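What follows is chain A paired twice: with chain B in the first complex and chain C in the second.
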Partner chain A sequence: MDFQFIAHAFPEICKAIPITLLMTFASAFFGWLLGLIVAMVRRSKVPVLSQIFAVLVSFNRSVPSIILLYIAYYVVPAAIYFYAKSIGKEIDVSVIPAVIYSIAALTLNQAAYASEIFRTSIDAVGEGQVEAALSVGMTKTQAMFRIIFPQALATAIPNLSGLFIGLIKDTSLGYYVGVYEITSTANIISMPTLNFIEAYIMTTIIYELLSFLFNRLFGAEEKHLTRFRARVTA
Partner chain B sequence: MKYMVELHNIKKSFGDNHVLRGVDLDIMQGEVVVILGPSGSGKTTLLRTINFLDPADEGTVSVGGSTVDSQHHTKGQMLELRRKTAMVFQNYNLFANKTILQNVMEGLVTVKKVPKDHAMEISKQILDKVGLSDKYDFYPSSLSGGQQQRAGIARALILDPDVILFDEPTSALDPELVGEVLTTIKNVAATGITMIIVTHEIAFAKEVASRVVFMEGGVIVEQGKPDEILVHPKELRTRQFLSRITGEHLGEGEEESQ
Partner chain C sequence: MGITYDFASIPGLIVRILNALPVTLIILFSSLAISLGIGALVAAGSMGQKKGLQGFCRGWIAFMRGVPTLVMIFLLYLGLPQLLDPIGIHMSQWNKLFFIITTLSLTASANMAEMIRTSYLAVDKGQREAALSVGMTNSMAFKRIVFPQAFGIAIPMLGNNMVALFKETSLAFTIGILDILGRARSISSMSYGANKLEVYIASAIIYWIICVLIEQGTKALERSYTKGRKRATA
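Right, the complex of A and B next:
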């Protein structure tokens, strides 16, 4: 163990935590929002759009995240470039930072998985709940937001928690397109002296701590959201 | 004569199954109409066409002066109709994510835009009336079926609807809990509110109904005062149904004729 290296490298790797968290939060936020929209569209069986979403979700879930990332990183800028050129404009796509592509790829991936979680958990809320809401005169939207979503979220939260923890780890894919998040920072910093073992041990600890922390947060939220299932309340 | 509820030529099919084959029913203010009939006779479906939970394929529904065509109507008309009615469900269907007090308040606050403080106050009064004054902050999952159903009745009552629709309100209850719910419904009936009740409780029907409607095969077979229908039914089908359900002969010998 090269403790001198650890002392020097650990703070450097920790400096990459904000980027990892940014990628995580941004992808979860946009991905889950998109996932909810996809779930609602598929549930209400909007013609054409519903089928398109079904195919996209299936495609997204069948392709390794790294491939999605490569598509986002190599194909999308080229597409933008050539499109811009075709309408007579010159765009420098290299100014778009790699972290944006990473977030875009992770967002689509999150949306695919989250949409399935939302769809099944909304379906799990009994039809009787909607009928009761309509019978007191609520609109469908009111019924959704006041009665259905809160119950669906309680069902969804354990799965969302797992999805989120997986996402934290997936941000390490940013390494392949040059985003300086935790994993790539650890790699780069250990290259000159070849202290890979030390670097990976530190990386492991940081990911473990992050996962532990968010697991706890989700656990607390789950307890709060499922309080109505408890037998007796205060 | 002014009717509170008017159903005209209500027809409804699920696929090839013609559940309602043209039902007409006019109900005056303050009437308690009990609908009886074998399962599959369309009585629950009829109830659900009134508040458009299952819109009829054909026919018009009027409640409290608002007439809505089953086929051609706007969302606004449907909403208006729903806001003039309230429903008590077989499986209670209390909002699982809300406490008993919140369940009762929900319609007032969200739909009628009553200020929260006031809504809470009158919700508590209604809950006290149905004997749930010690359950305000309980979630439905921690209540017995009878308590949940009484909360369901409170949730319907608070909206001050033109008519309350009861869909087999005691069918899902343990036998020893049926009494408390029936008592609550009787108390509600005594307040003069218009009610339509689908039930299998014959004795209860006799006691609470101002009119009994017997349905079979998607049509009204006969209707009249509880005594007429339950004790001296004219129609064979009614008599057959009653003897099946009570397991005894009704109407002192008349049932043997025909």
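Right, the complex of A and C next:
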């Protein structure tokens, strides 16, 4: 163990944590929002759109994140370039940071998984709940937001927690497209002196701490969201 | 920035990339078998009476769930040889498949252990008691009564875990193995990277098809396996 290296590299690797967290939060936010929309569309069986989403979800769930990342890396800049050209502007797409592509790819991946989680957890709320809500004079939207969603979210939380931890781990793939998040920073720092073992042990510890932290947070949130259940059974 | 795509070349690329399918399958099935073995031991330990062993096994699951596969690859492929070199074990000439199979076996073992634990616990306790009461030994009760039922419960989870593991095999190209993705990248670099997007789409299609096959296979297995059982309970 080269402790001098550790002392020098640890703060450097820690500086990359915000990028990892940015990728995680951005992809989770956009992905889960998109996933909710996909789930609602597929549940209400909107013709055509519903089938298209089903195919896209299957694709996104089956293709390794790394390939999605590479495809986004080549498609997103081209799409932006052609779009800009079609409205009569020339833009230099090489200035767009790679983190954008990574977030785009991870967002689609998250949306696919989240939509399945939301679909099953909304289905898990009993039919009687909607009927009861409607019978006391709520509108359909009110029933959705006040009765269905809170219960569905409580069921979804454990799965969302797993999805989120998986996402933190997936951000390490940013290494391949040159995003300076934790893993690639560790890789770059350890290259000159070949201190791989030290660098990756530190990286592992950071990831473990992040997983542990978010696991706890989701656990606490689950307790908070399921408080209605305890009252019912008591 | 001139961009030209030749999407008509994708079917031809798929055929060329499929040459590497055996490598991916070797990685998949070896790590599947090993991770199931480790998972079974860890699951047994985490349900056992010994407090120390129980703590170790739970820690193992939490640890393996928190570390990204990519970091694990670097840790084993770059870090471990450095660690073992001073004590006379020189791993630099070892087959690269060893590293990727070890990595995937370790990271997947957590999910496998959880799968085995939950499906074992899902079998009603009375089943085992009934088996013992008719004079079966402990191991007979496990082999003939508990295991067949637990296996039926585990099939869907096994399918999911297999899909996840299959997707993770795509990281093998990181250390220069010519699996599906590695082969795709080498085809692309033979033409100086001109058809990068096309090869990634081609490999995405391959992964997609195989994942759908695994999913359908799992469903068929579940249907045929639980067929007689459902009838028995009715």
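Here is the rule we go by: the second predicted complex is superposed on the first by the 220 of 234 C-alpha atoms of A that agree within 3 Å, B and C clash if a C-alpha of one lies under 4 Å from a C-alpha of the other, contacts with A are read in each partner's own complex, and residues count from 1 in each chain.
FYI, contacts are C-beta pairs under 8 Å (C-beta built on N, C-alpha and C of every residue); 3 or more make two chains touch, one makes a residue touch a chain.
Predicted model, so just to flag it, every value in this text is computed and none were measured.
Visitor: Taking chain A as the common reference, can chain B and chain C both be placed on it without clashing, or not? Answer clash or fit.
Guide: Chain B/chain C on chain A - fit side by side.
Visitor: Return first, second, both or neither, reflecting whether A:Pro150 touches chain B, chain C, both chains, or no partner chain.
Guide: In the superposed model, A:Pro150 contacts chain B only, not chain C.
Visitor: With the two complexes superposed on chain A, say which partner A:Phe212 touches: chain B (first), chain C (second), both, or neither.
Guide: Only chain C is touched by A:Phe212; chain B is not.
Visitor: First (chain B), second (chain C), both or neither: which does A:Met138 touch?
Guide: After superposition on chain A, A:Met138 lies in contact with chain B alone.
Visitor: With chain A as the corner point, what is the angle to chain B and chain C based on their C-alpha centres after superposing, as a multiple of 10 degrees?
Guide: 100
Visitor: Which chain, chain B or chain C, ends up touching more residues of chain A in the combined arrangement?
Guide: Ranking chain B and chain C by residues of chain A touched puts C first.
Visitor: Just to be sure I read the superposition right, which of the two partners does A:Pro18 touch: chain B = first, chain C = second, or both, or neither?
Guide: In the superposition, A:Pro18 contacts neither chain B nor chain C.
Visitor: First (chain B), second (chain C), both or neither: which does A:Pro97 touch?
Guide: Once the two structures are laid over each other on A, A:Pro97 reaches no partner at all.
Visitor: Looking at A:Leu173 after the superposition, I want to know if it touches chain B, chain C, both of them or none. Which is it: first, second, both, neither?
Guide: second
Visitor: Identify the partner contact of A:Tyr74: answer first if only chain B is touched, second if only chain C is, both if each is, neither if none is.
Guide: second
Visitor: Report, in whole Å, the shortest distance between any C-alpha atom of chain B and any C-alpha atom of chain C after the two complexes are superposed.
Guide: In this superposition, no C-alpha atom of chain B lies closer than 23 Å to one of chain C.
Visitor: From the superposed pair, tell me which chain A residues show up as contacts to chain B and also as contacts to chain C.
Guide: none
Visitor: Using the touch definition up top, name the residues of chain B that touch chain A in the complex.
Guide: Residues of chain B touching chain A: 51, 53, 79, 82-83, 85-87, 89, 91, 93-99, 106-107, 110-112, 137-142, 155-156, 159.
Visitor: Inside the complex, what are the residues of chain C that reach chain A?
Guide: Residues 1, 3, 62-63, 65-72, 74-75, 78-80, 82-83, 163, 167-168, 170-171, 181, 196-197, 200-201, 203-204, 207-208, 210-212.
Visitor: What does chain A use to touch chain C in their complex?
Guide: Within the complex, chain A contacts chain C at residues 58-59, 61-68, 70-71, 74-75, 78, 81-82, 93, 165, 168-170, 172-173, 175, 183, 186-187, 190, 194, 196-197, 200-201, 203-204, 207-208, 210-212.
Visitor: Across the complex, what residues on chain A touch chain B?
Guide: Touch list, chain A to chain B: 126, 128-129, 131-139, 142, 146-147, 150-151, 154, 227-234.
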